[in-house]
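In structure tokens below, several structures.
Each of the two complexes below includes subunit A, the first together with subunit B, the second together with subunit C.
Now for the complex of A and B:
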């Protein structure tokens, strides 16, 4: 975590709700939750083991100041972006986006769980698509398989071999993308300049909120 | 001049050789029959999809979408943007809404765009291809060119999530949308009762948490069989791929015997409009749709 982020986080001592409201995208919605639990019952991942806390519990934990438990929780990372909770919430809380926002903030300040697979995918996907402006599907798959090292990568690749072969046969996977012969934007330079500016302004927006 | 013209945003998966290239081919064939002219937004870029949220942050993600708006506006003035991919459509519409309701965000986005020599004046309307079909044409118009109705074929209309939520198609319910069933019936097929039609396929978690996603996909496929479907139909590239390509893995894990083709609505429409198997890109299905291949050859 950078010094700036350290300082910003320190500013909110003992007021975790305010920290989330100001620093997490859509965090201002957390106080609107009335604890009905419809979001949890609507979540497709609810039916499987895996998450520490359902959304309404996360929201109440934020209000109760349980900073470490929330930021280190794997719950937000289970979101499949299906938007069931979002459309069903009786208080119109955009639950999907709030969960993404809390996850992003935890990740930004270095408090999110380590080796969380969807967090890894998030970074890999964004890096991949912004490199040339368009997704390189072969490289994306490769970097996902090989995230835990070569041995496990080869094993995963072997397991998925029939899936990949099926796609190649159907002309839906172009292996030349592995060597960079891939779809890309023409104005890559412009995209990178635009994103550099956007990142700079995003950091400024976050710092300004902490100051206010 | 074509009957309708749009600024086309195919998205990363619907490019030649990409994972939904068969969607692209069949959409092109379908549009040819309906006399829809789709001009690709020059140099369009990725929408960032839903899963990039942690790394991207709000402004960079919105800037990526705004770049497409600026390019469409400058090169294809007056045309609505049409996306075929659910995530592209959602990312674009979400960005448009936030930009139009937040002047600070718009000002920052303009500063970022300026670095790429671009700017936004008015953000075009953003539509999903399905909205074009239903709202700009309507089921009656879509039925007129049907030459070979898909009589006697049973389909499970799998709408999935992001074509349905949070925006959805006007007038449809989030819980039980009917438009895909109506599209199936418009081309002469039978839409079976399907209780998993709006269930999530796991989305991007199919890559990061395959076991969890495959458990969801299993339910989606099982319900299609239970309803007597011979094939599944969907409007979403990720739903299509997830429900189709993991059938082998699911069979291995659960001892099931899934072997059900998963089609795009545009493939059905192309065939019903008299198109060939090639025009409908049936060769792009990993689980081959033999019945439709035979039908196309007749």
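Now for the complex of A and C:
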């Protein structure tokens, strides 16, 4: 992974804006930002406490070539996809999509922050739901709770106990999923074939991008 | 029946604001016959609703008076007020135009003595002051109104109030029998100068213009500062009549925004810089202004005006487009956003927020009853294929007064060339 990072860094030298434009999905929108600040001001998350940089600053940092700071930042991972910024942007920049595009790129080249909770959730969720075509909720929660070790996992699980019991009573949670007896898609083979094809297409697209 | 003398050597000017008046005067002063059509009961348009001009901070009434003198001295201009063009047929050098005339119910005998206004009881919204106050239903639109003649509002026709107005008039000037009429006239060329209207601020939902009384627009602020305005020139905020000593100006309210107006309205930066002078004029050092901006566009000659305001310690600049306005317990509007300088959040309370709303054409190109090319904002564009109808002033672009006058003079010249060809005075 870090090979890819070195390759990209060498390829684009000091032109990080161009790197984002060509490699990150929706990255070509970054240059449209006019730094009005409506996206950051409209963001409902309390980014001052949680984010390294608000989206508007990320855009400016990309132009300023701050490659490491941007790729290693947690900002893109903090976006909740509420789309407030996208709806209001006076330049119609799809801010939400750009943030996800940069996040995915940082992850792809192995530069994204390690042990970042939303990144961990995205990866776990994807692996979990592509296995059977449906999410195994028990296993998903387990892997999230025990992310930072057994002790904190048990503590978190105890905290959420009453919620879990409520869900079980309402038949929204099947505890048998813990041992692999889970609801599945009818055509798992079909799902897997579809995902394999999608992966193949995406891998080709990425390879072309890296070559171009 | 109103009679208008017009031939295919006449120039029709649609809109009697600063652009239309200029175009009409320039053409008439070269000897052309001009018919000037105005929708309002008075000439001068939005210019007369301003308190002061930038950059010299002089009063628009001064320039208007000069134009009115030229107009009164010129027998070649026929002015139709309360008139709207409803149809245009024909082509270059030979247009037939229909014009709808609304009744004023007051004839030329009027001396503007004001007795009818005193007699009438009904009150209507004061459109001249952007509905900030109420006026009697028999009114003189403004002290500088031309023609200097009262108007009886259509809403009281047929009520006892109308009879009261008629009874109060000593000059037999009130004619309650006047009816709406449509006349047709000819013209060789048309100058379309229907001007602009402020963008509907309530459409910018996150600024809460229609929810918070102390969020107003820049055009309303002009009326608040004007001694002829609804507050007699005192800058009082609408909710409680408290003096607004701490005023925020939000730039690009609607302009430069793909969701609202796509264009830069050009005048609003200078407008707000000018309005900081009003705050200082009213309250001295106690008057504080804050300008929230993306970037200040004080185009060409106006840079020094901007620099002088920048040097004023009572005016602060925040580089940020305000993302949301809320209201605190005292009814103060609070500006929320992120300051680009440092990327920190702010929530700052002010006494009054003025939205520097942008310009949109008051008649969009597509609504003009003739084939006219216009851009995506509805501004008229120059079109070589259309040789007889010319846009002037803010109907063609977002312009300040100075540029509108230049644009109107250019349009007048083009119209003159057309009627000269009709008269075979020019080939």
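Note that in this section the second predicted complex is superposed on the first by the 201 of 212 C-alpha atoms of A that agree within 3 Å, B and C clash if a C-alpha of one lies under 4 Å from a C-alpha of the other, contacts with A are read in each partner's own complex, and residues count from 1 in each chain.
By definition in this document, contacts are C-beta pairs under 8 Å (C-beta built on N, C-alpha and C of every residue); 3 or more make two chains touch, one makes a residue touch a chain.
Just so you know, these numbers come straight off a predicted model, no measurement behind them.
A.B. asks: Between subunit B (first) and subunit C (second), which, if any, makes contact with A:100: first, second, both or neither?
C.D. replies: The first partner, subunit B, only.
A.B. asks: After the superposition on A, what does A:41 contact: first (subunit B), second (subunit C), both or neither?
C.D. replies: The second partner, subunit C, only.
A.B. asks: Go through the superposed model and pick first if A:199 touches only subunit B, second if only subunit C, both, or neither.
C.D. replies: first
A.B. asks: I'd like to know which partner A:32 touches here: subunit B for first, subunit C for second, both or neither.
C.D. replies: So A:32 meets neither subunit B nor subunit C here.
A.B. asks: Between subunit B and subunit C, pick out the one touching the greater number of residues of subunit A.
C.D. replies: The larger set of subunit A residues in touch belongs to B.
A.B. asks: Between subunit B (first) and subunit C (second), which, if any, makes contact with A:92: first, second, both or neither?
C.D. replies: second
A.B. asks: Could you say whether A:127 touches subunit B, subunit C, both of them, or neither, answering first, second, both or neither?
C.D. replies: After superposing on A, A:127 lies in contact with subunit B but is clear of subunit C.
A.B. asks: For subunit A, give the residues common to its interface with subunit B and its interface with subunit C.
C.D. replies: 48, 87-88
A.B. asks: Help me check something: in the complex, which residues belonging to subunit A touch subunit B?
C.D. replies: Per the stated touch rule, the residues are 25, 44-45, 48, 50, 78, 80-84, 86-88, 94, 96, 100-101, 103-104, 107-108, 112, 117-123, 125-127, 129-130, 133-135, 137, 141, 144, 159-160, 162-163, 166-167, 169-174, 183, 185-187, 190-191, 193-199, 201-202, 205.
A.B. asks: If you look only at subunit A, which of its residues touch subunit C in the complex?
C.D. replies: On the subunit A side, the touching residues are 34-38, 40-42, 48, 53-54, 56-57, 87-92.
A.B. asks: What part of subunit B is in contact with subunit A in the complex they form?
C.D. replies: 12-13, 15, 17-22, 43-46, 48-60, 63-64, 67, 108-109, 111-118, 161-162, 165-166, 168, 174, 199-200, 202-205, 207-209, 212-213, 215-216, 245-246, 248-249, 283-286
A.B. asks: Of all residues in subunit C, which touch subunit A in the complex?
C.D. replies: 206, 252, 256-260, 294, 319-324, 336-340, 343-345
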